[in-house]
Structures are given as structure tokens and as C-alpha cells.
Amino acid sequence: MQRLNREQMAARVAKDIPEGAYVNLGIGLPTMVANYLPTDKDIFLQSENGLLGMGPAPAKGEEDWELINAGKQAVTLLTGGCFFHHADSFAMMRGGHLDICVLGAFQVSVNGDLANWHTGEPGAIPAVGGAMDLAIGAKQTFVMMELLTKQGQSKLVESCTYPLTGLACVSRVYTDLAVFEVGAAGASVVEMVDGLSLDELQGLAGVPLRAAEGARN
Amino acid sequence: MQRLNREQMAARVAKDIPEGAYVNLGIGLPTMVANYLPTDKDIFLQSENGLLGMGPAPAKGEEDWELINAGKQAVTLLTGGCFFHHADSFAMMRGGHLDICVLGAFQVSVNGDLANWHTGEPGAIPAVGGAMDLAIGAKQTFVMMELLTKQGQSKLVESCTYPLTGLACVSRVYTDLAVFEVGAAGASVVEMVDGLSLDELQGLAGVPLRAAEGARN
Amino acid sequence: MIDKSMSSAAAAVADIRDGASVMIGGFGTAGMPDELIDALIARGVGNLTIINNNAGNGETGVAALIKAGRVRKIICSFPRQSDSHHFDARYRAGEIELELVPQGNLAARIQAAGAGLGAIFTPTGYGTLLAEGKETREIDGKQYVLEHPIQADFALIKAHRGDRWGNLTYRKTARNFGPIMAMAAKCTIAQVAQIVPLGGIDPEIVVTPGIFVQRVVEIAPANATASA
Amino acid sequence: MIDKSMSSAAAAVADIRDGASVMIGGFGTAGMPDELIDALIARGVGNLTIINNNAGNGETGVAALIKAGRVRKIICSFPRQSDSHHFDARYRAGEIELELVPQGNLAARIQAAGAGLGAIFTPTGYGTLLAEGKETREIDGKQYVLEHPIQADFALIKAHRGDRWGNLTYRKTARNFGPIMAMAAKCTIAQVAQIVPLGGIDPEIVVTPGIFVQRVVEIAPANATASA
């Protein structure tokens, strides 16, 4: 089997974002999704620090450090984009106006609980940012992560052991091995990389899996 | 004794509004106060329908019906004024940013309860508008009213019989016969019109009155 | 390409159904989306719940909707005015339900809906008839009333300029409830004096970002009902 | 004549006292009022409670304030960053208290303070560590956490243009927390790139009305600390 690399994962997520969607891409890995969105379609990227219609990074030397994204990287504004303050920005999420957010995760449970903000380790300095707002606010929360930790443990779990970000908020999980739907009915497999069987995936994931209707390999 | 007419009452209220104050003048009688504010001082009139820095009425024929006050009269905007939406407008009141509001009243109690929105009569159609927000939101709520009803009953009362607008919210009452302070300590007389004695006023008002410190006749 | 502009007011309101809840912008006649309301009247649907600051003025806008008998319930702060005779008549006949809300609570409840809050403790109305039966709480020595968000199926608002992504600016005090209603309705329909090309509105001065607006229809002021 | 403009950053912060609560605008370095913070550091007062989205980046702004040992407590959403070493050190040494608040709750609580709400039921954080011990409620089938307003004695914010009445506009994503902090503090001090004559800002594009601003000080960008 051929695991997806991060670029391929980003491209896979991008494929599920329809034209017209209002989307927030979390900091880190999800930010890469922007590189794979079709340029001939209007997809609206929101950044929680107050912009809608976020464009690509500026050319080197043309950075404006008052035009940044949530990861504090210099960005640009598309024609038709706009600025607003933080309360309006978070109203977009919490009020259910945002269609999709894409977040990274430490763990996702089969019912859609998300853990992505805090390792819970003693001495760790916690930081949450907008993760909790995004997770529960967007109409759909997608997670993008490698299925296994470096130690080979599944990050798709029966029940999260890391501190939670939100309850029952994730609908889809995009990994290097498969795409899952999670929720009240448990986890189902939407698609797998070539050469991987459901049994093998089940073994790796370590949680009960069904094939989703119309699942493909 | 010489009762103040409405113009004189308005002028009297205006005298107590200092430069720099943010002020909302209620619809009806209080609107007249604007005519007596000093034109050489910066006093900021707010209208709850979304403007700050309200100016006088426009010349006849120059009305812009998208530039109106809370009483739906055409107004103007002073240089330096601005527009905003309703939630921000009421945040100005309810968040305690407005210094003074001036309201009319059916009744004010000696402890500062206000009744000015509803007669409570069967069949009356109630309408409250922004009265309740102004009454409890402004740092100081002034009432401007004739002391007696047409039937000769005092509108300064021990306890309001009309439905309340707000509890313990009025600090000063400007009437045609006297200016009162009201509050937890009861009602006191700040000043009276010429030729009126405290005893006479007491008789008319029908509530216990003290002379305020520094009261004048 | 996403283009939220509609060919006509009629097309813009074509899916508003019987029994819908509809926020309508405007304070008095300023900001009242008369042409959208006329199109709604022409559609013939009724049993509507209307959220507006007033209960109609004169013969146009919300007053016309009430006159036509399309309104089952109105949520507003100031129904009784010298020119609210259509509401008065229906109300006295028991044909329209009134939920009277202090204006600041109305604004705050609409804003709360747009922002996804579950409820708010508001200072206005405590100890009055309008808070009767409502939960209250003392917080830091001050009394508050618990109020719940007001959301709606549709918002009909009047803005000044708009673009195909739904970005809006307003004009003077016609702004009033427009920006917060746009955030609180499932489907916001804005009539604008002018639709400008994308980028025609400076990104710094957009008042309502397009995410809150689903449809935009240009109604040139020349064609607009006189709003006196 | 009311003129809220101040001659210098030092004059603008001259009455901030030991133990004060101070909101500071900015998301990362964008919108961070560096010169006002430098003036506050120069004043020498400490024991401050700071409300900011972060806990300092690099060596300037909030980071410099923390480095100088002036901060007793910080209320923020995202303290841990690659360049938050001054906070990290003080925190690990037990010298600074941290109240961690999800960013949307932070914004909503600040906005609630400015709007005079007593408390809000917010959807964020339910079922997490950050809601532990807090009142919760199910409303219409959804779970909420009760959160209280955050107000402050002062707000230090960075805007773009201002006038003598305190009207403000902002620049790009430097807007962030400025408008809501201005509404939530007893005394709001804005540094602006330019003070313009009254009327120099179109009344339609004022973002923060002057009623929310007590002092304005011009810090020309040429003199401003590089904000990379």
C-alpha cells in the first residue's frame, strides 16, 4: 500500500470542499489545503483574526505584517475580501455561518470527539486559540492527521485520552491511509489507499470500522 | 409663583449638561433640550437608531429620510459624527457609555423608579422602544415632566402605580415647579421657581421632601 | 463563480413559505426594504412571524404586509405610532399576536442569535411587566433577566451597495438592524441601491461581510418607493 | 472644545496604576500598540492583569511587559508559541498567573462587557477542561457554558486613523480586538498612525465611534517599532 504524503492528504481534503464554501483552515497541516483548492472556483477562506477572502502568501519582500493569518504568516486578500473585528469573526464560526473547518488532531473518537489542543502532560503550557470555537461552530469539522502516531498507535480511538477540544463535533477524518466518517453511528470508512484492505485498516486503527455506503478503495 | 413653560424646562435641563457629555434625548418633550445646548461646546447627542453627533433639523426641503432621529424626524449629522448598527447603539446605553439620558415620564417615585411606557389601561397598545434600555443604561437618567397631571395629581409619587420602565434608575427630575433629586435617600428639592415655598411644593407633590444641600429658590 | 445577485425582488423571495419567520430591517421607514416586502406580498404567503422594530408605518413596507393579512405574529419594540393604524386594527381585532421586546433586548437577542449564544443575561426590563415569568439573576450586585436569541428563516434588509459575494455597505441611519439581522437569519436577502463589481467596495469599509448574505438584488433608488 | 488627543504615549498612560487591569489589542504583533506598552513599562507600575490574545511574541509589546516583570496575571487564548519565551519562563517559575480562555469566548466575553450583559451562555468549551466547574445548560438541545464578561480599567489599542473626538478606523488584520476592547474598558487609549481633523473620517466608515475612546495619541509609522 501507498500512504498519502501530506501534500496528497491536503489535495484529498481540498477535493471535498465545494465552490461557494466558507472555510477555515486551522494552523499547521490544514493550512496546506489552500494550495490545492481550485483557482477557478470561488471558495472563501476565513481567518479568525479578521479576514474573509484570504489569498495566497505575498511575494518575498512584499509582506505586510498587518495582513496575516491565524498562524501569523503574511497573506494577501482576494478582490472581494474584507476585514472585521474579532467578535464578528467568531460569530461567523459560533453562529454556524462557516461551512467547513479543517483541523489537526492528537485524537478523534469514533463518535466525533476531538482532542487537539493540549497534551495534558504535566508542565505543558496549554494554548487553545480558536480551536474549540472552530470545532463546535463550523457546520462541518474535518480533521486532517496521520492515522498513527510515530509510535504506531491509532489516533482514531474509542474514546479520547487527551483533553477534549469539543464533543461529537468531527464529521470526517482525512488520514494518510483512509478517509473516515465519524459520529453517533461510529466510524465508517469512506475510502482507503490502494492495496489496503478493511481488515488491515481495522487492525491498524484498532477500533470497529464499517465500510461507508459507496465506499471505494 | 411662575411655572416654567416647556421651553424654560428644556433650557433648565440643558444647563446641567456639561461639555463632553454623551447624551440621549428621549422622544417628545426631551427632544426640545437640544435647542438650548450651547453651540460653542462639544456635546454629543446620540440617537438610538444609530447615530452619534446628531445635529439640528435640516432646512425645509433638504430632509434625507435615511437620516432621522429616534422620533423619525429628519436630522443632520455634525462634522465628526458617525453611524453604527443597532447592537452597537444599544451597547452604548446598556454598557454604561452614555453619560446622560433625558426622558419623559408618567410617574417617578421618590426612590427613582420610572414609569413612562405604558398606561396599563385595558385596550391600550403598549410600546416600549428604547425607554427601558435608556432608563437603566445611562450613567444618569434625568426625567423632564410637568409636576402635576392635568387633573392636579402629582407625578412624583411614593410608589409608581403605572407599569414600571426601570427600577431606581432616575437621579434627577426636572419639572415646571422644581428640580428634584431622587434615589435611595428619597426626594430632595434642588431648586424651586420663584415665589414657591417648600411647604407649598410639599403640598402639591404629596410626598416627603427635603431641601437638598445648597438648594436654591 | 459565485454570484449572489438575483434578477428581481420576486426571484429573491420566491422560496419564502407560509409560516416562515422573517426579520425585516428598518427603523420606521429608514432602511425598510419596501420592494422586497412588496414582492413577498405578491407571493401571497401568509401566517408569517415578522421581526421588525416597529409594526408598520403608513401604507408601505411592514404596514402593507399587515394590511394584506399576512402576519400572524410580530416581534417588535414600538408598535404603537401615529401611523400604525393597520397594525392597530388587526391587533384590536385579535388577528395578530404581539411580542413586545425592549429595543435593546431586541437588538441583543438578534445579535446573540447571529453569534451562536444560547442565552444572555440582559439588564433591561428587570422588575417590569416585560420580564414577568422570566428567569432573573443578580450578578455583581446588579439584576439581570435571561433572554433567548431571536433567529429567523429569512432576513429582508435594505443596504446601500453590494457585490456578487454579498458584501454590503449601508447609508446613514438606514443601517440600523440590517447588519445584525443579516447575521441572525438562515437566508439573508439584501436589496441594494447598486450592485458594484467585486472589489468595488473597499475591504476596510464592508459593514456586512458576504458570509452573512445569501442573495442581493439591485433596486435603483429612482425606482424605489418614496420613503417619506 | 473636546480634544482627546494626547501629546505623547507617556502622557496617555500616566494614570495607569499598580494592579490595574489592562486590555491590550493585537493578534500576534498585528495591532499591538508597542509604543503605548513601552510607555507603560517606562512608568514602572506592576502587578498588572493583562488581557490579550497571546502572551507576548519575541521581545516587543506584551512580551516586553512580561519580561520587565510587570504582569501578575494574563487572560489569553494562545500563550504558547515559538517566540513566547518570556512568558514561558515566568509561567514556569510560578511568577505569572494564566487564565486560558478559548479565543471566541475571549471575544464574546469582552463584547459582553462592552454591551452591558451580565453573563452569556456560550457554546464553546462545553465538556472540556476549560469549562470545569462552570455552570452549564442545555438550550434547545444544545449544551452551553455560562461565561462572564471581561472588563478592564484600561484598553491600549492600535488603530489607523483617529480624530479629536476619538473616532477610529483600523488597518487590515490589525483591527482584531481593538473595536471590542475599546467598548469594554473604562478608559480606552488608542495609538493611531495619524490624527486627522474632525470630519477627516467619512462617518460611514468609522469603526469605533468616539464614545468608546477616551484618549488618542499619534505615533507615526515611521517612528513605530518594526512589527515583523
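Order as written gives the chain letters A, B, C and D; numbering starts at 1 within each chain.
Here is the rule we use: a contact is a pair of C-beta atoms (placed from the backbone, for glycine too) under 8 Å apart; a residue touches a chain by one contact, two chains touch by 3 or more.
Since we're looking at a predicted model, the values are computed, not measured.
*Asks:* Between subunit B and subunit C, which partner chains are common?
*Replies:* Touching subunit B as well as subunit C, we find D.
*Asks:* Have a look at A-C versus A-D and report the one with more C-beta pairs in contact.
*Replies:* Answer to which pair has more contacts is A-D.
*Asks:* Averaging only over C-alpha atoms, locate the centres of subunit A and subunit D and give their separation in whole Å.
*Replies:* 29
*Asks:* Approximately how many whole Å separate the CA-defined centres of subunit C and subunit D?
*Replies:* Their C-alpha centroids are separated by 33 Å.
*Asks:* Report the inter-chain centroid distance for subunit A and subunit B in whole angstrom, where each centroid is the mean of the CA atoms.
*Replies:* Distance between chain centres: 55 Å.
*Asks:* In whole angstrom, how far does the Cα centroid of subunit A sit from the Cα centroid of subunit C?
*Replies:* Once rounded, the distance between the two centres reads 35 Å.
*Asks:* Among the residues of subunit C, pick out those that touch two or more other chains and give their numbers.
*Replies:* In subunit C, 108, 115-117, 122-123, 170-172, 204 touch at least two other chains.
*Asks:* Considering subunit A alone, which of its residues make contact with at least two other chains?
*Replies:* Residue numbers touching two or more other chains: 77, 83-84, 87, 90, 93-94, 137.
*Asks:* Can you give me every chain pair that touches, using the contact definition above?
*Replies:* So, checking each combination of chains, I get A-C, A-D, B-C, B-D, C-D as the touching pairs.
*Asks:* Once bound in the complex, which stretches of subunit C touch subunit A?
*Replies:* 1-2, 113-117, 163-165, 167, 183-184, 198-199, 201, 203-204, 206, 209-212
*Asks:* For subunit A, which residues count as touching subunit C in their complex?
*Replies:* That would be residues 19-20, 22, 41-42, 44, 46, 52-53, 77, 79-84, 87-88, 90-98, 137 of subunit A.
*Asks:* Touching residues of subunit A toward subunit D in the complex: what are they?
*Replies:* 47-51, 63-68, 72, 77, 83-87, 89-90, 93-94, 118, 123, 125-133, 136-137, 163-167
*Asks:* Going by the contact rule set out above, which residues of subunit C touch subunit D in the complex?
*Replies:* Interface residues on the subunit C side: 108, 112, 115-123, 137, 139-140, 142, 144, 148, 169-172, 202, 204-205.
*Asks:* Please output the residues of subunit D touching subunit A within their complex, sorted ascending.
*Replies:* So the residues of subunit D in touch with subunit A come to 27-31, 53, 57, 77-81, 88, 91-92, 98, 100-108, 110-111, 122-130, 143, 170-180, 207, 227-228.
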